[in-house]
Structures are given as C-alpha cells and as structure tokens.
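The two complexes that follow have chain A in common; it is paired with chain B in the first and with chain C in the second.
And then the complex of A and B:
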C-alpha cells in the first residue's frame, strides 16, 4: 500500500531567501550539512501492507511530519533515485489520484474553529464528493461519541473531542490509506485508549494506517513500527521483533535520591547506559557484573533501599539503544 | 460544483460569524461617505478680513461695503495700525488684510497663504469683488462698450466637494475591501493549517480561490449600493449617466480588485503581511495617485506616469464621467479597456502563482 525507497528531503533555510520556517513542527533539530540547509529526511525506506497499522516512533524534529507531507503529496521530495508511492500512485506524478483516496490528519488541529462539528464534517464530506449519510457506517463508532455536540463550534471542543472530530473528517470519504500525524498528542489517556480501539477497527475493515507518535507506549498497538531519529529510520519491525532483537542486559534500578542515583550509575565502569524512565532508571550493564555487586556498590556510595531487578526491554529501551548507536556512529 | 457551493457557504459562515469584521467591512463606506460629506468641507467660507483705510472716501466705502456683503468674507476689525494687523494675521486670526494707500486710490491685498487653497480662493474672490465695483463705477460714466463676462459652472453648479469625493471613495473602498479581505482569507487558511487538509483533498486549487472571491464580490456589491444610496439621498449627488453602465464598470473593478487580492495571497504567508501589503499597495496609491484628492495633472511627470498603473485612477475617472458628467461608453471605452487589461493580467498571474503543494 505504501512503498518508500531512499527518500530524501532538504529544506533550504538560507538567510534572505524565503525560509521554510513557520510551518509548525518538523523544522527544529534536524541534522544540518553546513550550508544552512536542513536535511529533514535522510534516506528513508519502508513498506506498509494493506490493512496494517504502521507506527512511526520518534521525538519532535525527527522528520515525521515531513515524511507525512511527502506521502500525502503536499511536499516534493528531493530529486534523485528515490521512490514513494501510495496505493501504487506516485506521490509526485499522481498527486491528484492520491488526494482522492487518502485521509490526512495533520499534527496540528486543522479544522474550522468557527464552524460547528456538523458543518465541518459536512464540508469535508462534500470536498471528497460524498455525503455524511453515505459513509455514516465508517465514522459511526467515532462520530457517535461527539454527535451529541454536533451544534457546538469546533473551537469550543475539548482536546480529545477535537481529535475525534478531525479523525471523523479524515475518514468521512472512506479513504484507502489513512495518515495520522501525532493524533494523540495532547489527548487524555482515556481518549487515547479509545482512539487506538477505533484505529484497530478501521484496520480490520482493511484501511491501511500510517500513524506517528512520540508516545512509546502506543508502539505496541501497531502492526509494525519504525524508529525514527534525525531523518533516518533506525529500525523497522513488529513491536515484538524490535524488543526481541534487543540484546543487552537490562535492569531496573529504584531507590532514594533518583537524580543523584542516575549520575552515580552513569559513572560506574560496568554500566553502559542509564536513563530515567518514569519512577525507575533503566540501566544496561556489561557482562560479568551481578545485581548484588551493583547494589553493594551503590550502598557503599550512600544510596539506601536500592532495588534492582532484571527486566524485559520495552520499545523505548530499543529506541534509546538505537539512537545511542546512531550518535556513536556519527562521532 | 457541489464543492464550489459548499466552499462558498463555508466562506459566508466565516464572514457572518465574525461580527466585528463584518461590521467594519460594511461600515467603512458609510462612515467615509458621511465623514467626507459633513465633517470635511473643502469649500471656502467665512474668510476673516481687516481693513486699513487712512483717509476714507466714497470709493473705499464702496469696496468695504461690497466685501462685507459677500458671504465669503467676515468683517473682523478696522484697525488703524497695519503692524497690529500683521500680528493678528500671524496669530491666525486673519485671512486677509485690505490696505488702501493714503490717497485712497490704490489697494493692496495681503493674504494668509499658509493654506494655499484657501489663500488663492480669498485672492480670487476679493479681486473679483473690487473689479466688479470698478466696473459698476465705469458703467455710470457710460463707456462706449462693455465686455460682459458670465460664468456658468456646469456638472457641479454648486461647487460641491461631494461630487469630487464620492467617485474617489468608491474607487478606494471597493478595492480595499476586495483586495484585503480576499488575500487575508486565503492566507488565514495557510496560517491556521487548514490549507494542509484542503490540499490533501480532491478540491482543485482554482475552485478554492474562486469560491473565496464570491462572498467578497457580494459584499462589495452591497457596499457599492450603500455608497450610491447615501450619496444620492443624503449628499444629493445626482447620477447623471446610466446606472447600468456604472454598475457594470464597478463589477469589472471589483473583479480586478479580487484578482489583486488573490495575487497577494499567493505570495504571502501570514495574515499580518497580507494586511500590510494590501494596505500599502491599495491605500497609498488609491489616496495619492488616483486623482481622488490631488489632481493628477498637477503632479510631477514621473508621478503622472506612475498613476497610470493605479487601477483606481481609471475607475474614478470613469465614475466621474458617467455619474457626474452623464457621459457614456463613447468617452470611457479607453479607460474601460485599460481596466479589462489589468484584470486579465492579475487573474492570469494569480492563477499561475497558485500552488498545488505547500511550498
């Protein structure tokens, strides 16, 4: 459904020229090449099959929005031996066809705040030459939740409801491929849960979904995921495959004075990496050191009540490891 | 077509729900017409005059009497000291001093020309009155023949300034609203991110921009009507020529302005820029180079050339000819052709500039 090979995108930010600034996210921390040009995508390759939910996992500025805009035909990729097709249509040559069959929900709320819920939905239905009535079955699950507020202006909705309305508008023409750029950012946990349940149903109906997120815990709900950083895909696999290929010894460390504890862990010769993960630290260690030995060392440094447990890696651990490797590779 | 109608509906909703903007758009022409009609008066009246006559005689009395009878002059003082008069003029209390020489045979007019328009009018009036009086005296002495000069002001017999500015306001307001509002409303879609969703839909960009112009075309016609009604019923400016010709030309001009707004919107990225650029490109030439306030013939050659590219200049010219002078197509075809040409140029270049992508 989506085939991308060796995709590059460079923004010129030369002073005095028309900058590409002010386009929201995705202009931040890219890797530059020294001339003031910013490389937002640096050779991205992946493939999504029909009915899959493919997650793009990465922090702000990784290039996620740029990738979405190229695939939705809104931006042109750099020229060169690259390929990007959606449902067999080339994103550059066949952009008119692509715009018939995709649903796109940009990263930032992009509906008319001064129109009501119903007016927004009707408008987008008409844009795609259809009606709400005709495709009501497609959006029923999600639109049903906001229908009681259909006379309310979109600007007066809560964050979660806005996203549901945006998804309804992106779905109302029954797209073949759905592009969701950070759909759950700024949405409460309950609504996020509901949102993913709806995506599952859509994928069961055969709709292919490309979704980006900065929340690692959402990765497990995808069929496959790509870890993205600095305009590159560091890994692409099923969530399970990603965590299974993780080959480090991973421990969780908890105790008092967590920030100081993290600093102490980072200087220990047997500790490779140590990161704060909510209420505990995730630590990778070299072969040969035992849990007891590390705990004794920490106790000796004045840290009491330290609990250390070997744990299974999460996608986030895999992400941290992959991005450390990229960083080390660059040095 | 359904897309087009849905888009036009959406645009009307944006406008009607933004009450304040709508009030401004519909209020501008009303306020301007009333302001120019009542508050700003370029007619010169009540000129303050003082006399200095060291040795009065019948000639001086005659002149004085006639000056004061005129509705243009108001008697201020009969001072015996020219120095005091000068001081009073310097303070702005006097517009004109009439000084007679000691024999009462020669007269000097000293006129405050800090406002050149007012000054030259005062000089003309006073000279005419004195000359008239002289002729009267000569007539009594029976001259062999007499040249009678009779003035008739046509087109604007009462010399009302409304005749001058009503076409000007039409030229300015119609263009300002069409250009600014159209460009802002397209740029707003870019700024709010809705353009991204619109672009990722089957909607053609051409359909979108033309749908954007429809509501402003409608509003401009309302404005056109309110300007005409106000100037006809309140300011008593007659419509001498054909109302149809006037309406057709105005629709052409509105169309041109909408196209200009589209062109600006394709080049700008945010609303503030769109407003500033529209204001600079419409207001300044519209006020200064259109002939609305300052006559083009009196400008330096280079500004006269520059005024040729200001659409408002041609439109105001046509409106004056049709509305005030009552002339028809035979006289305005040249200006009309120029406006048509400009419209085509603007529509063409904005269509070429419409982008089907974000960059």
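And then the complex of A and C:
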C-alpha cells in the first residue's frame, strides 16, 4: 500500500547561502551537509503491505513528521530518482487521489477547539463528501466512547478524548491508509492501551496504518517496525525479527550509586556500551568476560550489592545498538 | 457547493462563538464614528493667549476684549510685562503673547497708526501659522473699526477732500461643504478604515490562526479546493463588512446628519468593490506569514502606508512624486475619493466610474495573487 524508495528531503535554513554564515549551524548539526541546509530525510526506503500496522520508531528530530507530511502530500520531497506512492498513487503527481483515500492525524491536536465534538466530526465528513451516518460503523468503536460528550467543545476535552476525536475525524471518510503521527504522545497509559486496541481492530478491517512513536514499548504492537534516526532507516523488520537479529551479549546491571556505576561500567575494557534503562543499566560486553568477573571487578571498585543478569534484548536495545553503529559509521 | 456552504457555516459558527468578533461588528463602526471625527480636525481652536498691555488705554482695552471674545482664543492672563508672559509660554501654559506698547492709544490718535507685538509658539506648526493669522485678522478688524470711527469724527468737508479710495472685497463661498466642517470631510474616510479592518485584516488573521493551530493542515489533506477554502473565509467577512458599512452610514446620518448628496446605491456599490479588493490583500498577507506575530507586524506596516498615503488626511497632490505613485496603487485612495465625491459633491455613478474601474482592477489582481500564492503543500 505504501512504497517508498530512496526518499530525500532537505530543508533550507537560509544560513547556507553562498557559504557565508553556513558554518555555525551546518557543521554543528550531525545531519547537516555542511552548507547550512538540514537533511531531514536521507534516502528512506520501505514498503508497507495492506492491513499492516507499520511503526516508525525514532527520537524527536529523526524525520518522522517530515516523512508523514510527504506521504500525505503536504510537502514535496527533493527532486531526484526517488519514489513515494500511497495505494499506487504518486505523492507528487496524484495528490488529489491521495487526499481522497488517506486519513491523517498530525502530532499536535489540530481540530477546531471552538467547535463541538459533533460539529468537528460533521465538518470533516462533509469535506470528504460523506456523512457521519454513512460511515458510522467505521468509527463506532472510537466515537462511541466520546459520543456522550458530543455537545462539548473540542477545546474542553481531556487529552485522551481529544486523541479519540482526532482519530474519529481522520477515519470518518473510510480511508484505506491511515497516517498517525505520534498519536499517543502526551496521552496517559490507559488511554494509550485503548488506542492501540482500536488500531488493532482497524487493521483487522483491512486499513493500512503507518504510525510513528517515540515510545519503544509500543513497537511490539506493530506488524513491522522501522528504526529511524537522523533521516535514515537503520533497520526495518518485525519487532521479533529486530530483537532476534540482536547479536550482542546483553546484561542488566543493578546496584547502589547508579550514576557512578554507569560511569564505572563505561570505562571497563570489556564493556562495549552501557545505557541507563529505567532502574537498571543495560550493558553489552565483549566475548570472554563472565558475569562473576564483572561483579568482582565492580566490588573491587567499591560497589556493593551489584546484581548482574543476562537478559533478552528489547526493541530499545536494538535501537540503541543501531544508532551507535550509525554514529560510529559517520566518524 | 455543499462543501462551500458547510465551510461558510463553520466560519459563521466560529465567528459568533468569539464574543469579541461579534461585538466588533456593531461597536467598532459606531465607536469609530462617534469618537474620531471630533478628534481629527484641522481647525485650530482654544489658543491660549497672554496679553501684555503696557499702556492700558481704551483702544488697547478694546483689543484685549476682542481677543477674549474670539472663539479661537482663550485669554489666559494679562501679565504686567513680557518676561512674565514668556515664562508662562516656556512652561507650556500659553501659545501666544500679544504685546501692546504703552504708546498704543496716543499713536492711534496722533499718527492714525500703531504697532502690536506678537510672539507665537510654533512648536506645533499649525497652531503657530493659523493662530498668528487669526490674530492678524483680529487686529485688522480693530484697525478697520477705528478707521471708521475716526472718519466720522472728521468734518464732512475734509472727507470730500480726500481722494476716493478704491475698495476690493473678497466674498468667499465654500462649495459642497459650506460650513467648512472637517467632520463631514473625514467621515467617508473613516468608512474606508472600518471596511479595511473588518474585511482586510480580520480574515488575514483568521487564516494565520488556522496555520498556528495546525487546523489548516487538516483541511489541506482533504480534497477541498483552495478557492473554496479562501472563498469560505471571505464571504462571512464580506457580510459583516457590509453590515458594519450600513451601520456606519446610519450613524453618520443620525449623529452628523451626513447623507450622500449622490445616490446611496453608488456608495454601497463602491464599498462592495473595495471590500473584495481589500480582502484579497488580507489573504496575500496571510499567505506570506506563518505566525500571528508575523501577520500582525505586516498588517501594522501596511495599514500605516495604506492610510497615510491615501489622501484621507493630506491631499495627494502635495505629496512628493514617489508618494503619489504609491497612493495611485492604493485601493484606499480610490474609495476615499469616491465616497467624498458621492457624499459631498453628489457625484453620480458615471462620475466615479474611473475610481470604480481601478478598484475592480485591484480586486482582480489582488485576489488572483491571493489564490496563486495560497499553497496546500510546502
């Protein structure tokens, strides 16, 4: 349903004109190309099949929103031998057809706050030449939850309810492809859970969903995911495939004085990487060192009650590894 | 068409849920017309004068009385010497000093002439110029009176002996605005300001607000045509502009008795053509700004140029050539001139057709530019 090949997008910051002031920002930015322009997308390639939930996992500034805006025909990509189609329609040439068949939910709540819930929904239905009644079955599950508040102004809704309304508005014309740009950012855990349940149902109905998120725990709910950083896709696979292809020795380290412990781990010669993961540290180590040897070493440095356990990698570990590789590759 | 109707409906809903906008339609034209015409006047009144009378003779007294009786002057004080009066002027208490020499009465009787000293604070140029002119008129008046009186006192024979003096008098008649009332002259200009703000600036800010809120992206991913979207933004503001225009015309009639000497339909028709052109200008501003702050700055910049270079306050013919060139591509200029012609001169539709043609041309150019520069994608 979505085919993207070698997509590039460069934003001109206006700083790089004739190399005059380009040095300041362009060189400091790790994905700038030296003359002050920012490369938001740097050769993105992927493919999403019908009915899949494809997650794009990446931190802020990875280029997720830029990708979404190109695919929803709001933004033109750089010219060149690239390709981006949605349901077979080219995002540059066939933008009219694309606008008929997609639903888009931008990262920020952007419905009319001074219109009521029902008015917003009717409004977007009318823009697509349809009615709420005609497509009520599509939005029933979501809209049903906020329908008791249909006369309330959208601006007066809670965060979770706003998301549900925004999703209802994006679905009211029965799109075949749904673009959700960080739909759960700033939403409480219960509402996030409900939201993903709704997405599962939509995908069962055959709607293709492209969703971006900065929450690694949501990655497991996607059919396939792409890890994105610095305008590039570092890996694309099923969540299971991503974690299975993780080939490092991964240990979790817990103990007292966690910040000092992290610093100590990082200088150990057998430790490749060490990152803080909530209440423990995830450490990758070279072959040849044992759990006991590392614990002894730490005890010798004055860290008591250190617990070290080998663990299964998560998507977040895979992400950290991939982004370290990208960084090292750049150097 | 159904989409357009729904888009317009949405705009009206939002408009009336915003109490500020709803009130603006009625109060804005009313307040502008109730307050501003009184403040913007080129007449100079209430000039504060000190008269320093050294001689205190009866003729000097009559001059002082004449100053006091004049509607233009307020007799502030009669200090004993020039220095005291000068200090008062330096403190900003008075605008003008009239100094009457102690030989005033004697000179008039003996030599049939005398001199009066006049010192005017010209920091404010128009007070300086007009004030001294008014004062010269008063002094001339008095000298004419005194000449007549002296003539009566001389014997009949002597008058016969005098060579007959040719006399020229100018009789002034002000056409179209016989009382030279500046209010009547300015009010049509205020109509134009009201229309510019309601139909040019408000829709521009409204569109930029949709950009800031991100709602415009939601519209842009739908199949809605951009012309529909813009039209749906403008039609509500055209409507309220027209309502406000009618309110303004009524207020001008009820408060100032000002009704067009020409046809009211010519007035309304010209207003509509102007509304369309100025709203195009607003859309252009909104297309080139991403935030309300940028739009507000552009609006303030352009509104100053538009109003000052329109001939509303100062005649275009006395501006430098480059300013005249700007004024000639300013829609404001043409409606101000049209409304003044229809209201005061009683011009017909045919008389103002050149102005209307220019306005129609602006409407086409500005709106064409507005639609072309509105981009649904970046």
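As a working rule, the second predicted complex is superposed on the first by the 315 of 331 C-alpha atoms of A that agree within 3 Å, B and C clash if a C-alpha of one lies under 4 Å from a C-alpha of the other, contacts with A are read in each partner's own complex, and residues count from 1 in each chain.
Here, a residue touches a chain if its C-beta (ideal position, glycine included) is under 8 Å from a C-beta of that chain, and two chains touch if they have at least 3 such contacts.
Remember, predicted model here, so these are calculated numbers, not experimental data.
Visitor: Determine, under the contact definition given at the top, whether A:311 touches first (chain B), second (chain C), both, or neither.
Guide: The answer is neither, since A:311 touches no partner chain.
Visitor: Mind working out whether A:3 is in touch with chain B, chain C, both or neither, as first, second, both or neither?
Guide: After superposing on A, A:3 lies clear of both chain B and chain C.
Visitor: Between chain B (first) and chain C (second), which does A:119 come into contact with in this model arrangement: first, second, both, or neither?
Guide: After superposing on A, A:119 lies in contact with both chain B and chain C.
Visitor: So, does A:128 touch the first partner chain B, the second partner chain C, both, or neither?
Guide: Touch partners of A:128: chain B and chain C.
Visitor: Classify the contacts of A:326 with the two partner chains as first (chain B alone), second (chain C alone), both, or neither.
Guide: Touch status of A:326: no partner.
Visitor: Using the touch definition from the top, say if A:106 reaches chain B (first), chain C (second), both or neither.
Guide: So A:106 meets both chain B and chain C here.
Visitor: Please identify the positions on chain A that touch both chain B and chain C, taking each partner from its own complex.
Guide: Common to the two interfaces on chain A: residues 69, 72-76, 95-96, 99-100, 102, 104, 106, 108-115, 119, 122-124, 126-129, 169.
Visitor: What residues of chain A sit close enough to touch chain B in their complex?
Guide: For chain A paired with chain B, touching residues are 20, 22-24, 69, 72-76, 95-96, 99-100, 102, 104, 106, 108-115, 119, 122-124, 126-129, 169.
Visitor: Under the touch definition given earlier, write down the residues of chain B that touch chain A in their complex.
Guide: 2-3, 6-7, 10, 13-14, 17-18, 192-194, 196-203, 269-270, 356-359
Visitor: Quick check on the complex: what are the chain A residues that touch chain C?
Guide: The touching residues are 69, 72-76, 95-96, 99-100, 102, 104, 106, 108-115, 119, 122-124, 126-129, 169.
Visitor: For chain C, which residues count as touching chain A in their complex?
Guide: Residue positions touching the partner: 2-3, 6-7, 10, 13-14, 17-18, 213-215, 217-224, 376-378.
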